[in-house]
Amino acid sequence: MATLEFGLDFWDPIVCVIAFLVLIAVAYLLRSRGQKKYKKGTVQTQIFLSGEEPPDVEQRHIKAHNIYWGFFQALKGYYDPTIKAHTGIINDYIIWFAAIAAITAVILFIVG
Amino acid sequence: MTQGAPFNVPFLAVAALIGIAFYIILSQRNLIKLVMGLGIMASGVNLFLVTLGYREGGVAPIYTHAPIERMVLPVPQALTLTSIVIAVATLALMLSMVVHIYRHTGSIDSEESRTMKG
Amino acid sequence: MDKLITHSPILIIAIPLLAAFLTPLISRANQKARDVLVITTLAFAEFLVIILARDICANGIHIYTLGASSPTLTIPEQYMVPVRIILEVDAMSIFMCIIWATVSLAAAIYSLSSMKEETGRDRFYTLLLLMVGGTFGMMLTGDLFNLFVFLEISSIAGGALAAFRTRFADALEGGLKYIIISTVGALMVLFAIGIFYAQYNLLNIAALAQVIQYTMLDKIALTLLVTAFAMKTGVVPLHMWFPDTYTVAPASITAMLVISSHACMYLLFRICFSLYGVTLNMATVGWIIIILGVLSMFVGVTMAVPQTDIKRLMSYHAISQIGYMWLGVGVGLAVLGNPEALATYGREAISGGIFHILNHAVYKPLLFLTAGALFYRTGTRDLNRMGGLGHSMKLTSIFFIIGTLSISGVPPLNGFASKFMIYESVYRFNPILAVIAMLVSIITLASFTKAFQSAFMGPELSAYKGVKEVPKSMIIGMGIPAAGIIFFSLFPGLIVDWIVHPAADALINQATYINAVMGG
Amino acid sequence: MMSKIVRTISNILSLFIFVYGLYIIIHGHLTPGGGFQGGAVVASGVALLIVAFGSHNIHKSLKEHHLSILESGGALIFIGLAFGGIATVFFYNFLVGSSIFGHIPPSGPNPGDIWTGGVIPFMNLAVGLKVLAGLSAILLVMALATSVMEVEE
């Protein structure tokens, strides 16, 4: 019922779920062996940043446009033309449609 | 379909209408003109359908004095009519959207009035 | 009950349409009654779809002829060919109907509270029900002209709904783009229908499939149909309207628009498999579909990564996921003429693509609805301005995690099951395609990690101190697809045996489709 | 608001246009025409009135929400008639060959009896109602919207 069989392979989510449960149990075991003797509401539960004052809340959060900066920098050659192609002008969308229709027609006429 | 030159004239008109419509849609940045281009394209397709419905010597299927065996099955006419109705609705909707866009952005140019890209 | 099953194909279309025109009258009297009517209608449609699906599993294709003296009288005595409007429901159509009924029900429940502040809600529900009826029609119809009519009903209603919040300039722009694209596409479809009628004097798909010859004109018609439906489906490079429209539509409508574009994809498959079928040069058309699919997978996901608008990001992911479906079904189509390859991996590829439609139809609405929930509480879609919302919107963030893991194909969730089917079968067809598919899956996870990190993680921002969890009906609207994800994840074998394999077989067996209408 | 001559003439003319539109609607099953065409003719009469009298004056007596009720009513009658045949099949012409108006109409060619189409004349009426209401509403709303813009500028 849960098993998905096709060709030579199969996929059984129940096995995967059991494996995850075992992993969670192990993780819980490890966690329960940790120290419990800290005092709430003191410096012990606050952020420690080499003795510096932690920056305020707005500064601590990494904004979306900063994430994967290096990825875009490395793939600049791909991203610049691709983003440029998305002009947002409705006429260009129809140009793409006409172009793809023409290419498809040519392929169908030549290849069959 | 009947052969012979006069019967192909409507198809040339169809090609011309659709060609003009595509030219307008591809080249004109004015949204009102673009909607007009869509209207012309709808007319071209409708003309195509009506032309297909022509049968030489056929009679309109109206049960007043018409000989039954010469009547034409009015499917293409029904198609055209439906497509006209739909075109009316679409054009009205698009034009009212353009009116609203003009109110918001003060422009009906498809490049100047856009807010989204990338 | 038998009578209900016999008439259910038309009732599925007609009851939402009837309710659509009742809505403005009733909402004048009572707003509550209107809400009850909308939900009851959609629930009844869902019920009809399910009983029809059970009947089709048992008895095969269901035919319904409108206006005839009996529902199965497709060819009247004086005629050689079918002339009336015929609805033909096979396993593939009912599969799409199940998806559409469920998603529209969830979206309507969600709209009850998410649209509460908007004006003109009676028109909103009228349009919503029109769109439901139109899209059901696209899925159930057996002839080409009604296909065009329902396509237009669905796209006019969809465009108006996308532009519903007319106080935003971008909403109107998105709606206008959608409606222009749909009109151009639909007119090209109508032109192709005209070409068929010119040659064969037929409009019924099954009757056409019997006589179609793949002449020069048929190739032009095929080109127009493939490109028009590709544009409506949102395949790269015809996808650019897709993020523009889906970003600005209300969240519930976005979820519905995704499925209605899947309906256009279904129409493409119906045209390729059931109309052209064996006359087609399958390898060429199959490869066209595969290439478009791979392009959308790759360009869609890479364009999603830099987006900072949460719904725009999700729209690009929808494009990329649609690529998977095109890849799977395209591989199946490419080997359709080769019985050995079809049996070894072609059927599994088609099943994988179709199963992916089902999975996408549960996790993508869920993600769009969570984005709507974020918008409802924070008033912004900009990820740069969000942060720390996981502290206050716990249920929403749990739903978001479920959707994220599922769309990225992380085992054991359902996205993995269908992607695994696609990887395995595509690998035997062409290993490079399978590798690209896996790579795309990884980038998907990366992109959603970014979205999750910037919206839900991090310290609680001062701007969102007073933010609460969304209202109950929005939670229910998100809960329905989330429950679907859990169910499909745990029992993929059950789902595939019940509805996915019959749907794939319905696409492959063209002869059954023709015989149901033409007899013998 | 146009000159007095235009207003008087269009006042008289609009009645003829309405009657002609209704004629086309009612004879839809016998002659070329039908619900949509007749409805469009009636709406063109409304357009004439809007041009002659100005949209604000028309709006005093013709409100768009009344038109929208009329439109929904037309659509409901249409679907209701389609549902009327559900005992056999949806859209089944259940009135054909019945004697609602006293006599059973003969089938086959005839000199143009009104009562021959069964349920079709009623459907034409419903469609005509919907189209005339819908198109008039579109014309009225668009005229109002553009006139408001002129005031703003």
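We just call them A, B, C and D in the order they show up, numbering each chain from 1.
Everything below uses one rule, namely that a residue touches a chain if its C-beta (ideal position, glycine included) is under 8 Å from a C-beta of that chain, and two chains touch if they have at least 3 such contacts.
These numbers were taken from a predicted model, which means no experiment stands behind them.
Looking at B-D and B-C, the interface holding more C-beta pairs in contact is that of B-C. Separation between the centroids of chain A and chain C, computed from CA atoms only, is 24 Å. Separating the CA-averaged centres of chain B and chain C is a span of 28 Å. Between chain A and chain B, the centres computed from C-alpha atoms are 45 Å apart.
Among the residues of chain C, those in touch with two or more other chains are 176, 180, 184, 244, 306. Shared contact sites, meaning residues of chain D that touch two or more other chains, are absent. Chain contacts: chain A has residues 83, 86-88, 90, 94 touching two or more partner chains. Applying the touch criterion to all chain pairs gives A-B, A-C, B-C, B-D, C-D.
Taken in their complex, chain B has these residues touching chain D: 60, 62-66, 68, 81, 84-85, 88, 92, 95-96, 99, 102-103. Remark: chain B residues 22, 25-29, 31, 34, 110-111, 114-118 touch chain A in the complex.
Interface residues of chain B facing chain C in the complex, by the touch rule stated above, are 1, 18, 25, 31, 34, 38, 41-42, 45, 48-49, 52, 73, 75-76, 79, 82-83, 86, 89-90, 93-94, 97-98, 100-101, 104-105, 113-116, 118.
Across the complex, chain B is touched by residues 83, 145, 148-149, 152, 156, 159-160, 163, 166, 169-170, 172-176, 179-180, 183-184, 186-187, 190-191, 193-194, 197-198, 203, 243-244, 247-248, 306-307, 312 of chain C. Interface of chain A with chain C (complex): residues 1-7, 9, 11, 13-14, 16-17, 20, 57-58, 60-65, 67-68, 71-72, 75, 78-79, 82-83, 85-88, 90, 92-94, 96-97, 100-101, 104-105, 107-109, 111-112.
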